[in-house]
Amino acid sequence: MAVKITYVQTVDLLGGVADAMIASKDELTTLDAALGDGDLGRTVDRGFTAIKTTLASADEFDSDLGKLLFKAGKTFADAAASSFGALLGTAFMKGGMALKGSAEADGLAIVTALQTALDALMERGKAKLGDKTMLDALYPAIEAMRTQLSADDLTLTALLRAGADAAEAGAQQTQNMQSQIGRASWQGERSVGHIDPGARAVALMLDAAARHSQTFDAA
Amino acid sequence: MAVKITYVQTVDLLGGVADAMIASKDELTTLDAALGDGDLGRTVDRGFTAIKTTLASADEFDSDLGKLLFKAGKTFADAAASSFGALLGTAFMKGGMALKGSAEADGLAIVTALQTALDALMERGKAKLGDKTMLDALYPAIEAMRTQLSADDLTLTALLRAGADAAEAGAQQTQNMQSQIGRASWQGERSVGHIDPGARAVALMLDAAARHSQTFDAA
Amino acid sequence: MKKILNNPENYVPELLEGLLAAHPDRLKSAAGDVHCIVRADSPIEGKVGIVTGGGSGHLPVFLGYVGRGLLDGCAVGDVFASPTIDQMYNVTKAVHGGAGVLHLFGNYGGDVMNFAAAADQANMEDDIQVETVLVAEDVASAPPDKAANRRGVAGMIYAFKIAGARAEEKASLAEVKAAAEHALANTRSMGVALTPCIVPQVGKPTFTLGEGEMEIGMGIHGEPGTARTPLQTADDIVDQLIEKLMGDMDLSNSEITIMINSLGATPLEELYIMYRHALEVFKSSNTTVYRPYIGRFATSMEMTGASITVMKLDAELKRLLDQPANSPFFEHTQYA
Amino acid sequence: MKKILNNPENYVPELLEGLLAAHPDRLKSAAGDVHCIVRADSPIEGKVGIVTGGGSGHLPVFLGYVGRGLLDGCAVGDVFASPTIDQMYNVTKAVHGGAGVLHLFGNYGGDVMNFAAAADQANMEDDIQVETVLVAEDVASAPPDKAANRRGVAGMIYAFKIAGARAEEKASLAEVKAAAEHALANTRSMGVALTPCIVPQVGKPTFTLGEGEMEIGMGIHGEPGTARTPLQTADDIVDQLIEKLMGDMDLSNSEITIMINSLGATPLEELYIMYRHALEVFKSSNTTVYRPYIGRFATSMEMTGASITVMKLDAELKRLLDQPANSPFFEHTQYA
């Protein structure tokens, strides 16, 4: 049985991720306060609350995953126009464009959409790997998921779990890096020793997705 | 032996009063904070410090009590141009003018100078008795001193003590009054129950003078 | 409430030195005393000189209104303290252009007594004709039947503007005085304080307010107001201030100008939130607003709070309000 | 740090409504969104439109510089937060008078990315030519070899003024862009913070500083600076700020303009104390000051602190600096 996520499952999964992220807002604020301006929790709160509004009207997108994700991204960016909001919004919008017209996505489609999102994010943000940003969680996550694609008996949960674990490892790695871009770069050497909040947010998102997907695989 | 104060004694006495007033600045600040803007301690501190400078050059006034007091008043008003400073400065200046050319003052001259000072103060400040101001200490003080003038064996100390006690009684009386003029009037009815800081300052000045004059009478 | 300063005792002379160095094209000192600030082009022949004075710590009040179309000079005291008689006298003398001088300042005891002495001196020694108008428009400071006792706050700026414009037209001393009185008869103010400020030489707050408290009607030196209450919303504060102002002077069916003034720390953002609601309130009384002034016009250093001043307009006040004015702190180009 | 507000979530829309109601002669909104503020006379045929944008809470920055001789429009975000792409796009479109649009704003990640998207959209959908210049002049935020990473603070006002004056002359988009870049190449800033401020929707201070502490080099949103030290005297603070500015750009034997800017609560009095000493410092390097700007130009609501910005002048910058400018927050009449 090939890995697959349906439109309805995607709506459900995103809802689970949104709830988990909103619940993590204080942790993200604390991390952002150490390196930046301490608004990441608020960004995530507003952005994912906005996404939940989009999900509530999921019927309007003709079961088109692309349209759903594009709208979710736009909504996120509008609701929380910070760096993270602009980037995550772009990621969702561009990732959605890669799924345009699909009512479901298999493992390859998921990874491709994530890769498209990553490319867009790098194009928009001009950051490189190792600059201590969300890229340093998202990039290894996609690599790990891509590797999983050839595994036997792959489940959606296993695919997402591989991404989540790699993202978390990547986020932890950012502690050793010095911020090279964005607000945190103004900390210079003092940025070393702290986890990048955006990287941590990516890891939390993937972890929530992996946890939520268990309900589908169990069914 | 008629009551009398010499030029040198006056310089000495004023120095004692100045020291006592500077030492009372915190009490006056507290009183003024309750009814006004809490700067009376600072006014008194600056004003009497300035007077001490004038006293230090007491040699320059040809032993003329009038010139000395006039200069002391001007110095006070310049150093602390608040209501109390303006009024006390005026009082010293006008009181001094009443003693112009004298190298010493007897009891009547002292009382006359004080009366002249009071008149000037009322003219400048436009306050009436009962408005809850320094007048309500100074007026009864002068009355009490005038009464003493006919007493047998009057000493300078006794004269000043009569004034000081009456001033203190007057100051205490101000607790029952509602402020009708100046900053304290903005408190309206809330001014009742507090001692007027300017009245208290007058009582403190006369008390210090009475205490200091004991050294002359003892000599 | 931390301060950027050197020796607190030098606070005022240092700031005045900086100020004179910054604006030599428009301001100068008189009598060799930095506390005596006058227009660089003083005295102006044939023009009535307008002089104010008062304590420091209120910028732009007082000296910030020395300029074209405004005041001619200002005697500057220590923080929250009156200038001296000499300083007032020296400023009066320096701005006298032969047409007399108007003393126009807030109703504070020290200032009143010292200005009276300075006026006497200018009259005695230099034959300068001096008239005096006191600003006393803070409705929180005394009831209507004791209105003459009231203190002067931000409303003085309307008096400066109106009298200044009239003087610029080379009106007589009596006319300039009448213009100031006319402005003030139509002007009322009231404020609210949220946190105190610190007088540099004192080093501690002039009063205290609990964490969640505010005081309606407080004066700019921390003089007590009419009520201490829990911190209210902007709309509720505006409701109360305007109700009190309207209770003292009927503004219905009138055209007014309004000044929403920050006492210092309160940011401009919040003043606009207040203004927004003021317009809503005025709608019900058919009061229309002409030329609002929103900003920091009369402050108490870093005090948090705001005041509202209204001046009811007629054709003459409107005409004079619209005249150009120019000081380093108040530029007023022709409207529209 | 108490605030006069209603529901914190309505802080920005309410203040913008108040602001638009206060200045209808000079400002209007675009696309029916109060977050899109443009000159009342927009678009101006044949003039390059200059657009900025950024978070609220910094008045007069950003929207306060929309006016004649300055900017054409501003996209306004929530407190300390970027405006949206749509808002930036709508402002860009509303001010486009056929000669292209310059996006001129501070180097903050969200703004940079959103403005880039808005520029793309304006180009794709409306064929508007957009150029971008980032303000990045805070020397405390990155060393010279990473100068492009620096954040933008009060120095942006010099860029607004210079580019705005050039655009008013109907210069081309390339020329206006060059003027902004020329100004910024000669501009450096650095500040000091003494107390934090509170973002209304957050309700607590963005950072903490001990009772007797200050932070040199702190950013206007509380971004950490270069050193946290005991509170120093005004003269010592000025010494350090100017030393750092001079270390980044040689000012000796030059004519400069200087901006001494309060971050909000710090009163004007203290800025003049700073200016006084700045002149003393400049004397030793034979640096002369032209047209100082002393006041609140870029704030962080009720934050206590100040910044110093210098712009090294040449004939062209001086000419453009002197042009008239006029917004509800910045009136600039011809000098002298």
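Letters A, B, C and D mark the chains as written, and numbering starts fresh at 1 in each.
Criterion: contacts are C-beta pairs under 8 Å (C-beta built on N, C-alpha and C of every residue); 3 or more make two chains touch, one makes a residue touch a chain.
From a predicted model like this one, the values you see are computed outputs, not experimental measurements.
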| item | value |
| --- | --- |
| Steps in the shortest chain-to-chain touch route ending at subunit C and beginning at subunit A | 2 |
| Third chains touching both subunit D and subunit A | none |
| Chain whose Cα centroid lies at the greatest distance from that of subunit C | A |
| Approximate Å spacing (C-alpha centroids) for the pair subunit B, subunit D | 57 |
| Distance between the centres, which are taken as Cα means, of subunit B and subunit A, whole angstrom | 79 |
| Approximate Å spacing (C-alpha centroids) for the pair subunit B, subunit C | 34 |
| CA centroid of subunit C to CA centroid of subunit D, Å | 29 |
| Residues of subunit A touching at least two other chains | none |
| Shared interface positions of subunit C, touching two or more other chains | none |
| Full enumeration of touching chain pairs | A-D, B-C, C-D |
| Complex contacts: residues of subunit B adjacent to subunit C | 33, 36-39, 42-43, 77-78, 80-83, 85-87, 90, 124-125, 181-183, 185-188, 190 |
| Residues of subunit C that touch subunit B when the two form their complex | 77, 80-86, 108-110, 113-114, 116-117, 141-143, 146, 149-151, 199, 201-202, 206-207, 219, 221-224 |
| Partner subunit D, residues of subunit C touching it in the complex | 1-6, 11, 14-19, 21-22, 25, 56-57, 59-60, 192, 194-195, 214, 231, 233-235, 237, 264-277, 279, 292, 294-296, 299, 301-302, 304-306, 326, 329, 331-333, 335-336 |
